[in-house]
Amino acid sequence: MASQRPDYHSILQTIYAEVLPRLGEGQVASYIPELAKVPIEQFGMAIYTLDGQLFSIGDATTRFSAQSVTKLFALALAYTREGHAVWQRLGKEPSGSAFNSLVQLEYERGVPRNPFINAGALVITDILASRFVDSEIALVQFMRQLTDAKTVDFDFKVADSELSTAHRNFAIAHLIKDFGNMHNPVSRVVRSYCRQCSITVTCEELARAGSFLANHGVIPWSGEQLLDASSAKRINAVMLTCGTYDAAGEFAYRVGLPAKSGVGGGIIAIIPGEAAVAVWSPGLDASHNSALGTYALARLTDLTEQSIF
Amino acid sequence: MASQRPDYHSILQTIYAEVLPRLGEGQVASYIPELAKVPIEQFGMAIYTLDGQLFSIGDATTRFSAQSVTKLFALALAYTREGHAVWQRLGKEPSGSAFNSLVQLEYERGVPRNPFINAGALVITDILASRFVDSEIALVQFMRQLTDAKTVDFDFKVADSELSTAHRNFAIAHLIKDFGNMHNPVSRVVRSYCRQCSITVTCEELARAGSFLANHGVIPWSGEQLLDASSAKRINAVMLTCGTYDAAGEFAYRVGLPAKSGVGGGIIAIIPGEAAVAVWSPGLDASHNSALGTYALARLTDLTEQSIF
Amino acid sequence: MASQRPDYHSILQTIYAEVLPRLGEGQVASYIPELAKVPIEQFGMAIYTLDGQLFSIGDATTRFSAQSVTKLFALALAYTREGHAVWQRLGKEPSGSAFNSLVQLEYERGVPRNPFINAGALVITDILASRFVDSEIALVQFMRQLTDAKTVDFDFKVADSELSTAHRNFAIAHLIKDFGNMHNPVSRVVRSYCRQCSITVTCEELARAGSFLANHGVIPWSGEQLLDASSAKRINAVMLTCGTYDAAGEFAYRVGLPAKSGVGGGIIAIIPGEAAVAVWSPGLDASHNSALGTYALARLTDLTEQSIF
Amino acid sequence: MASQRPDYHSILQTIYAEVLPRLGEGQVASYIPELAKVPIEQFGMAIYTLDGQLFSIGDATTRFSAQSVTKLFALALAYTREGHAVWQRLGKEPSGSAFNSLVQLEYERGVPRNPFINAGALVITDILASRFVDSEIALVQFMRQLTDAKTVDFDFKVADSELSTAHRNFAIAHLIKDFGNMHNPVSRVVRSYCRQCSITVTCEELARAGSFLANHGVIPWSGEQLLDASSAKRINAVMLTCGTYDAAGEFAYRVGLPAKSGVGGGIIAIIPGEAAVAVWSPGLDASHNSALGTYALARLTDLTEQSIF
């Protein structure tokens, strides 16, 4: 890792110049009607360093639907309450399958492979639902604390849109329930999960929100220890092996940073000991990761040599 | 990452003291008759730092069967010849399945998930077989260069033992051939693969052999650039996501280093920019990784805080 | 096929004598609390010949939960309305998997393998739900017509018991819905399906109910043509290949008659051109078919040589 | 079943008239180079009744490659030696998968689903290889006895062509061997299997060869009892549920007779108590069954009402 701080400002300029002519690449997620309406030609990126500097470019203050990126914060919140005990309910191995598949879940008797596929996220939601009167509000409050901003909130139009087409998630949740690994009613868990997915953030907020994971579990600006150092590292490890759908190997290969992506086009990546990086562009590649977002992160680690490998 | 060099000497002492009373944990691999004869109560560990120091403890100079650890060096050798083109023949995603399963291979039409499951290693062997008159001898020579030792060699008794029970590998190779992804005769590739697996090393040799991957692709003592920096990092990334059988997520979580394990009980792990670590103990856990070897590596990153996360 | 009518009366006596000392074999279905309460030591058998004779023995007038046996009549009812068009919504191949598996359903994109696994029965229920204001009442009325008895009815206690534990069926129905192969609301279809399963019959009623399938689609006592001859034969064919869970091959081998079984312990079997046979005994074998029921049918075809093969 | 003998002569004429304008439908099997050369515009059909009459039409005396049709006779031959004990080595359930898939075989630990998929046929060949010095010659002799003709023989050109491209079958055999369910060397079993597949017959011979299965296990012209009546019926049952690749349900539905097909375009079907029917036309449908052959059999049971259902 470079001992000298890279010049993030000019690096972001370089990346932005490369990305601009490519705006429009990929496909906007179409399975949720509300998401399908998002204009594709947008790109934002923000870097929040552990000494409190914020670098950003493009549409870094535009709100977007965090979608599966929230799975990272839901896991972290569950971790603050349950610690390693969460792993009694789900695994931490890459699935090798599509994020919404039921095949492995049936073979492995209702124990999801990891917290970042839908099945695992539903179990995490169930854990939160047992811990909090209103689990999705607890998550929004947690994310507000992490972003130091009151603007993080649900987009109920998206949440309703997701809930009305959530047949696959209902199927997954019922199958988990059938195996006895869901304690709350399926309807409550799926509704909460859809609301969680609808949470909106900006790149600048998201970079800030991820910074405690680069900082041994400590919020940089407040010094509050949310997770012990070991737990923070381990969440990063799970992100690296499972955080980018069925392309975790490819992503580790190209980018070399722990990251969590969402079908809204956002990605949060962690540079341990240094910074958190958020990127957003709605066009997705075939693996459901933001096409230009992945490109931008790959360029970042090329230019800074900050890949963890 | 700690800016100060950890005191590897005393850390190895600490680990060894913890490991000694646990010698005998796990199960020696039984599926190859010759391997089943190895006494379980052995443990060795060696650290080779990029400035050329070697720290070791226990049975670090005992020869053992490298088995799947050789898949790492076979991949690196193929990379020196083919570069990224190897990925036209196989993937780099975790499989989510057993290392010797044919299920995914059939569904994915003969394209192995990654170079560290048997199917992928057989394709790499096929690539080498097309490049070298005698691919397994080329590999031994490559490993001799990497270890700076003439002692790396086949154990033909083990190789023959493996070949005579290699029905599963023959099945995998024929299935790959059926899909047109194997260019050399199955019998040649499987024989070469069995010989490759039989190669013996010591921990001290193995630590040395891995050091170029911690050093941007450059052999530390000779300065020879075997791979460009980017390729070396990327092999580390593939190791992290795919190197420890179906427990890559758990291993990343516990140890936090790129690593490749073998059923002989050896593991090579990379501390990027710092050192390579080899550990060996023949007792395997349920995931076919060395039980005490994994423990020792987890303790190492606990004590040195050198997890890449 | 024997040209002479077998002496069904004495054959039933013979079978009953063989069965009596074995009462209690198998396991009563336990996954539905209400079914688990049924005393296991019961056995009834009835044969209804096409010339209107009824032979019966044992508990042939005891009501039991028809469960999956109703899938046969639901298919027949759908057939009277849709004819061969039902096959646009589902297949007619054996599944090779458990009756409540989601694996194949996901791989085959929501098109169930056949009408006798749960997924297929839910699609048939959906077809009926689109045809009738109250599909389960339509089915009861159809079965009353087929049995010539007003006693066929729901057991709402069983229906409620099933609905409250129907997570697996909800999962299946939501997955089908996700693939666009379910037109009515999941909640309506699953509720209707649970009620359908709860329908109670006696062996004597059931033998009568199946007789039109032995009679080219014509109700023997009324002469009413419910299905054309070809359709009746084809339903028999689907029964033979798919009617007895994942043991259709074994059942065809041992019994040699088209049949449909249920976890309540009932089985209806068809002797084409001759008779319908109903048997009931609550103890199930490992394949979820009535253990003594299967035995009794195998003995019947041994003694009468009426296997269709 | 019609009490009166149908007029097979005029029925064959009718079918032939319908088939003639459709000659060329389907695809000739292309995976074996030698088979791909067979001209598609051929059709033959023969009916051999238990009273010794032979009806035939079209290319009923042209030799063709029996391919998987031989699996029926290999099973029958194994049965004459081992009886029900064959079922200790393989199952009798439909597979629900492609005939040459390894997926189920791996999940079910080397025990093939039934004798008519490749895996099961290889186990049957292994059984014969343990019983006979030269198992494929034993099979040819058995088929000569069944056809009452010396003309049944190998086509070594086809056998060699198959052997040289038999990677999938080698993969299957090695996987079975890995699970300990193959006693002879893989190379011997696969070679024998390829020779078995290459056996050529005519429709007239094939109809004769199947007649003992319609006749309670007795060769009609000689009165020799090859199998007891029960075993003959049971082989018919296995044919019905497993004999026509992954289309057994559809075939039972359309044709309603036990049958075994081959990729050479031949099908043998059994009308229990009445006759055996052989049909051949090289164009295959998507399920690898002869397209016109299936059509012709469906028409036969339509016209004669001899479906077993």
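We call the chains A, B, C and D, going by the order they appear; numbering starts again at 1 in every chain.
In the analysis below, contacts are C-beta pairs under 8 Å (C-beta built on N, C-alpha and C of every residue); 3 or more make two chains touch, one makes a residue touch a chain.
The structure presented is a predicted model; accordingly, all values stated were derived computationally and were not measured.
Asks: Touching chain C and chain D alike: which chains?
Replies: none
Asks: Provide the labels of all chains in contact with chain B and in contact with chain D.
Replies: Per touch definition, common to chain B and chain D: zero chains.
Asks: Can you tell me which chain lies farthest from chain D, using the average of the Cα atoms as each chain's centre?
Replies: Computed centres place A farthest from chain D.
Asks: For chain A versus chain B, what separation do you get between their C-alpha means, in angstrom?
Replies: 32
Asks: Go ahead and note the Å separation of the Cα centroids belonging to chain A and chain C.
Replies: 48
Asks: Please tell me the distance, in whole Å, between the geometric centres of chain A and chain D computed from their C-alpha atoms.
Replies: So the centre of chain A lies 56 Å away from the centre of chain D.
Asks: Residues touching two or more other chains, restricted to chain A: which are they?
Replies: None at all.
Asks: Mind listing each pair of touching chains for me?
Replies: A-B, A-C, B-D, C-D
Asks: Enumerate the contact residues on chain A facing chain B in the complex.
Replies: So the residues of chain A touching chain B come out as 1, 3, 91-97, 104, 113-114, 229-230, 233-234, 236-238, 240-242, 246-250, 252-253, 256, 258, 270, 272-273, 302, 305, 307-309.
Asks: Quick one: which bits of chain A touch chain C in the complex? Just the residue numbers, please.
Replies: For this pair, the touching residues of chain A are 101-103, 106-107, 167-168, 170-175, 177-178, 186.
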